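Each of the two complexes below includes subunit A, the first together with subunit B, the second together with subunit C.
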Partner chain A sequence: MSKTDTAEARVAATPRIAPRRKNNGRTDSPFWAALFVGPNVVLFTLFMIVPILWGLGLSVFDWNLIGEPRFVGLQNYTDILKDARALNSVWKTVYLVFLGVVPTVVLSFLIAVLINTTFPGYTVFRTMYLLPIVISLVASAVLWRFIYDPRVGPIAQLLSVFGISGPNWLQDTTWAMPALSLVIVWLRLPLGVILYLAALQQINPQLLEAAEIDGAGPWAKLRHVIWPNVMPVTLLVLVLTLRGIIFDSFDIAFVMTRGGPLNSTDILAVYIYDLAFAQLRLGYASALSTVLFVIVTILALIFNPPRRRPTNGDPV
Partner chain B sequence: MSAVGHPWRRRLHVSAVAFFGLLMAAPFYWMIINSFKSSREVVAYPPTWWPIEWHFENIEAALGFLDPSAIVNSVIFTAIITIAQLTLVVMTGFALAKMHFFGRGPLLTLFVLTMFVPGQVALIPTFILIRNLNWIDTFMGLCIPIIAQTSFGVFIFRQFYVSMPNEILDAAKIDGAHWGQIFVRIVLPLSGPPIAAYTAVTVLTAWNMYAWPLIATTERDMRVLPLALAGLGQSFSQTPPNIAMMAVLLSTLPIIVFFIFCQRYFINGLGGAIKE
Partner chain C sequence: MTKTTTNHYMPSRRAVLAGLAASPIALAAGRAFAQPTSGTLSIAVLDWAETGIKPVFAAYEAARPGVKIDYSLLPGDYQGIRQTLLSRRLANKLPDITYLADILATQLANAEVTADMRPFLTSGGPIGMTSLAKPFLDQYLVTSGPNKDGIFGLPIGADTVVLYYNKKHFDDAGIPYPTDDWTFEKQIEVATQLTQKNGNTTTRYGLAASVPWHATYVPGIEAFGDTLLDENNMYKLQSEAAIKVFTMYWDQVKAGVIASTPQQTQLGGGFQAFGAGTVSMLQSVRALTPLIRSVTTDDWDAALVPTINGVRKTGMGSIAQSITTTGMANNQELAFDYLNWFYSEDGGMKILTASYGTVPPVEALYNSPIWTDLPGPPYDNRVFAESIQYGAMNPTSIPADVQAVVDTELTKAEEAVVLNNMPVADALKAAETVINEAMTRVLASGG
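Up next is the complex of A and B:
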């Protein structure tokens, strides 16, 4: 989980920027405003605004950090189309997003419905569901590498009980990506569960009672009352998971597989890192970063067309 | 689903909650038992589900692998980022909500817009900037670009302060208090819940951060914990898995304890977001 998600969770859910208060024609002393806002504005401009614009600018240059930057126009972008590894990493990124987003949304909904109850000792179990929120991506990558161990790992051991000889998960070009996505889903479930739990507690109990009186069984209630009522949260979880996966997957993929075996987990974030910090092709890496930004925006629009959430028309 | 119904259905429900909860927590169980196994038992086939002997000396070995400087660096890194960022976002959020000054509207728009630009677009230029400032392998380079990621915090606190009634502030203003006094004596004491939630999430994020420290540091004594850990993950041939698991456990433990105590703030902070 990253702070971006949580913050975004709050942002996306905040109804709307409140209407601006009437100014009453007075302006506060610029001294206090400067004191309160100034330090942040300076830092933010230097270390956020400038780098963002610089990144876009850099994408039309060819630069290796040492020599003179050379203006190449849109050549970096056209090169991407000829670069098999770039195209592969675009595909792998989209693949990972789908492998991660759909299970995260479905499972966090189902878990939230399941644990939206109470019984003695309940908080202990609720903590278990939320625990993956605390472990870092790197720590979980190290942990899961060991869990996936084909010889002494618990998964291999459980499978062998059923007489199945599992693959060497992280060394298998077919299984490496699903294996990574399982770790990511595990890590991202708690946030979805928390958001869905809060949404479930907002549902008017009378709706459920009315459905019961009409003879609705548990499935019918789930399908026709609960699911439609948590739809706004579903869209929120979709977008948060999408962004989270795009940005957190670097840590997982870099530590667990380094993009291998045979580039089967070579997502864009890993390739960009390799280009920028190992090959020092900074201009080309910036162009690919821009492509990543465009992909995130497109996926966000697919998952969450702005028209369906008029309160939050932002694309990502 | 409410669990009213037949007693057997209730029992089934409770068992399902317990079962899947244990499944979610199972990786943690695996981490804990393996971190106490001997280096022979941890690679023995078939794996044992409970250590034959508990080897507490693994703690010392793991601390050696993590190296104390990484632990100290992580504490400093997390503390600086949390305190500095919180100070910036609370003050800016408040000013954008309650003060009237030239450029307030455009400034707010700027913060809102940048919230949706992914960090990776800025990553490479930020690295170049830090390098040109000669800040590689310094706490300045490690912390300042992260502290500067204030747009979400500013927006959250602005939303919080917009809903704070003006009457409270006006009364103080009539009594002749200036903004500094109003902020410290009246506003801050009322800001406990969002500050707690924001702190909880920031501590978690900073403690676990990997990509930026990986880029901004090269020296061993500047490493933070995730960097030290990642080294252990690359290959179990250099570090025995029991020591690697103990290292993961030790680096996660402070934050697990922190989470268990602050769970309320996480859940209220995150879940509260969708309550209108």
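Up next is the complex of A and C:
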């Protein structure tokens, strides 16, 4: 008998009861659904949907917050193609994503596997890994700016023990972006670790025991049992990291390098900020934000395409 | 005195109507200048000025029982000030009086954030058109557009760039302190002697000077007998004077003798680096003296900036305060009274200067003991007043939107020269192209 057959049989065996109230206390009344979902819908609309639509509308205007907005059609979008700094910013953003996403996913998974066990003081150990999530981004940036200091920073001190004179990490066009990406990976790790830990604890221990009985070693279990079981979470971590790096890296980049040196860390978020709040070119900044939004949406759909929720025949 | 973190002050409709109805009467009776006995004055101040201004507010409230000051904070940089004030104007929540920066005078006037201060200066009160130091008042004189000839700010201090120096570093190296006859070459010679290195890494800079800051390059260009802008308001960074000035500074940044702007940022800012003894000399302004005093443990003093090409020129500027359009419409009498009291020798100025952060922008007070007799450091307060005659100002015709591009492009040019060994002329040419494109675009859209 197939799994579907079993499910169908179970459904067939389920006694028909009044739909008004089920065993778990749920009701079909739309009132309760509206009551619980409503506030979120209102807030989401107010702070997400409306600003997105507003930004979209603004992107076809030229406005500096002072005079009257002037309709310019798609000119802001065509200007992007002629703007060397904008194209450089797109490239730098892609570079940061490349440097940030893969290490975040891989390290989150490995750390989660390593700390998904119990030993004396394991909660302290887990908490240490989660600390970056509670430190403000600006404070983190200032902290790391000190760590990268070529004179007194810990990295420089450590290298000097071995007689190595390291570069000025944040003032070197080659090293500035990798240095930023390290901070961003450090900041994004906790969320990945939390999600992976939750996923690891959902794996049926019997699967691992069966693999062991079949002679699987730690690597084989990791590759053939654990990794496939956490694949949905991997996709989630991937999308969240991607979104986080593109949208939430502004604080770090702005505080640590302000897009320099020589625009080597001039990611789109920094350039958009400069356009909107330093140059007051709100229309053009909105057009660039819209482009960024579209890029992220496409990437998210590629990595995590929408699919029908598997119901296994369960009448949800 | 109350502090509003999210400005909620909104005059009631009744208050507005009452104010409007009473305004002719107030105007007629204005010459009498009776002190207001009640009311609330809302003032937006820069965040870094909060500590110094709070005692001023408290003293005004003590002098005018029944009057309350409701203050809120603005970001400390001109972009943040502009963003906040424009947002508050759009939300119809402007304070009665606001701080602003010189670069914003025209833009905030055009945006109807600030009101023309000539009615105040000609109202017959103690503070008139000739009371405030002209060079600083002129920063807020709008020279073009719909508000031409209006004055849209009153300077709060008479700030010029002076040379702060760490006396201990000089003593340890056996070098005499800076004197009035110092030249730029002499300054660099001493800065080189004071610079300390570990391999290729500078551990102590002889001098901290932000080269992409207008208060550094404008005086230099003027010292070489040229101007920053041409007759069409376009930047001329390809001029011989501009290339000479940027070259002489950037050569020393490359040599690790002068700390560049990013290097200063990495050190926590110029005054922090000076305080920590990581730089021996710092070109900065009086406004930062309270911070320098609070972080510097070694003894220090201030001197005149050295001459360049045999000419002494120094950067000058001031933050200002202005009555807003809202304040002028609804709370003019109280705002006038506060400003008259603020600039008096026994009123706000006495309290403000006691914090070490202000040279009074009132010519009559340049040598007043209220600030010159403050115990050192700095000991030589003469230099702050004397520098004013050498002041070279960033042209007021530069729109704030363009200044943002200038700051970015000159920083990038510095990086290209220092990190990539790009010739100074090439780096300036690249910067000039982008800056003048921005200038053309902004001027075409009305500035």
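Miscellaneous remarks
Simple rule for what comes next: the second predicted complex is superposed on the first by the 251 of 316 C-alpha atoms of A that agree within 3 Å, B and C clash if a C-alpha of one lies under 4 Å from a C-alpha of the other, contacts with A are read in each partner's own complex, and residues count from 1 in each chain.
Note that a residue touches a chain if its C-beta (ideal position, glycine included) is under 8 Å from a C-beta of that chain, and two chains touch if they have at least 3 such contacts.
None of these values were measured; they are calculated from a predicted model.
In the superposition on chain A, A:L262 contacts subunit C only, with no contact to subunit B.
Within the superposed three-chain model, A:R145 lies in touch with subunit B and with subunit C [touch as defined at top]. By the touch criterion defined above, A:D172 reaches subunit C but does not reach subunit B.
In the superposed model, A:F98 makes contact with neither subunit B nor subunit C. Counted by residues of subunit A touched, the larger count belongs to B, out of subunit B and subunit C. After overlaying the two complexes on the shared chain, residue contacts for A:W227 are found with neither subunit B nor subunit C. Applying the stated contact rule after C-alpha superposition, one finds that A:F277 touches each of subunit B and subunit C.
Using the contact criterion defined above for the overlaid structures, shared-chain residue A:G67 touches subunit C, although it does not reach subunit B. Residues 65, 145, 149, 151, 277 of subunit A contact both subunit B in one complex and subunit C in the other. Residues 1-4, 6-11, 13-15, 17-18, 20-21, 23, 26-30, 32-33, 35-37, 39-41, 43-44, 46-52, 54-56, 58, 65, 111, 113-117, 119, 122, 125-147, 149, 151-154, 157, 160, 186, 189, 191, 194-195, 197-199, 202, 205, 208, 218, 221-222, 226, 232-233, 236, 243, 246-247, 250-251, 254-256, 269, 272-273, 276-277, 282, 285-286, 289-290, 292-293, 296, 314-316 of subunit A are the ones touching subunit B in the complex. By the touch criterion stated above, subunit B contacts subunit A in their complex at residues 1-3, 13-14, 16-18, 20-22, 24-28, 30-31, 34, 42-47, 88-89, 91-92, 94-96, 99-102, 104-105, 107-108, 110-112, 114-129, 131, 144-145, 147-156, 159, 162-163, 166, 178-180, 183, 201-202, 204-205, 207-208, 210-211, 215, 225-227, 229-230, 232-234, 236, 241, 244-245, 247-248, 251-252, 255-256, 258-260, 263, 266-267, 269-276. Those residues of subunit C that touch subunit A in the shared complex are 79, 82-83, 86-87, 90, 107, 110-111, 198-203, 262-263, 266, 278, 401, 404-405, 408, 411-412, 415-416, 419-420, 438, 445-446.
Within the complex, the subunit A residues that touch subunit C are 62, 64-67, 145, 149-151, 156, 165, 168, 170-173, 257-258, 260-263, 274, 277-281.
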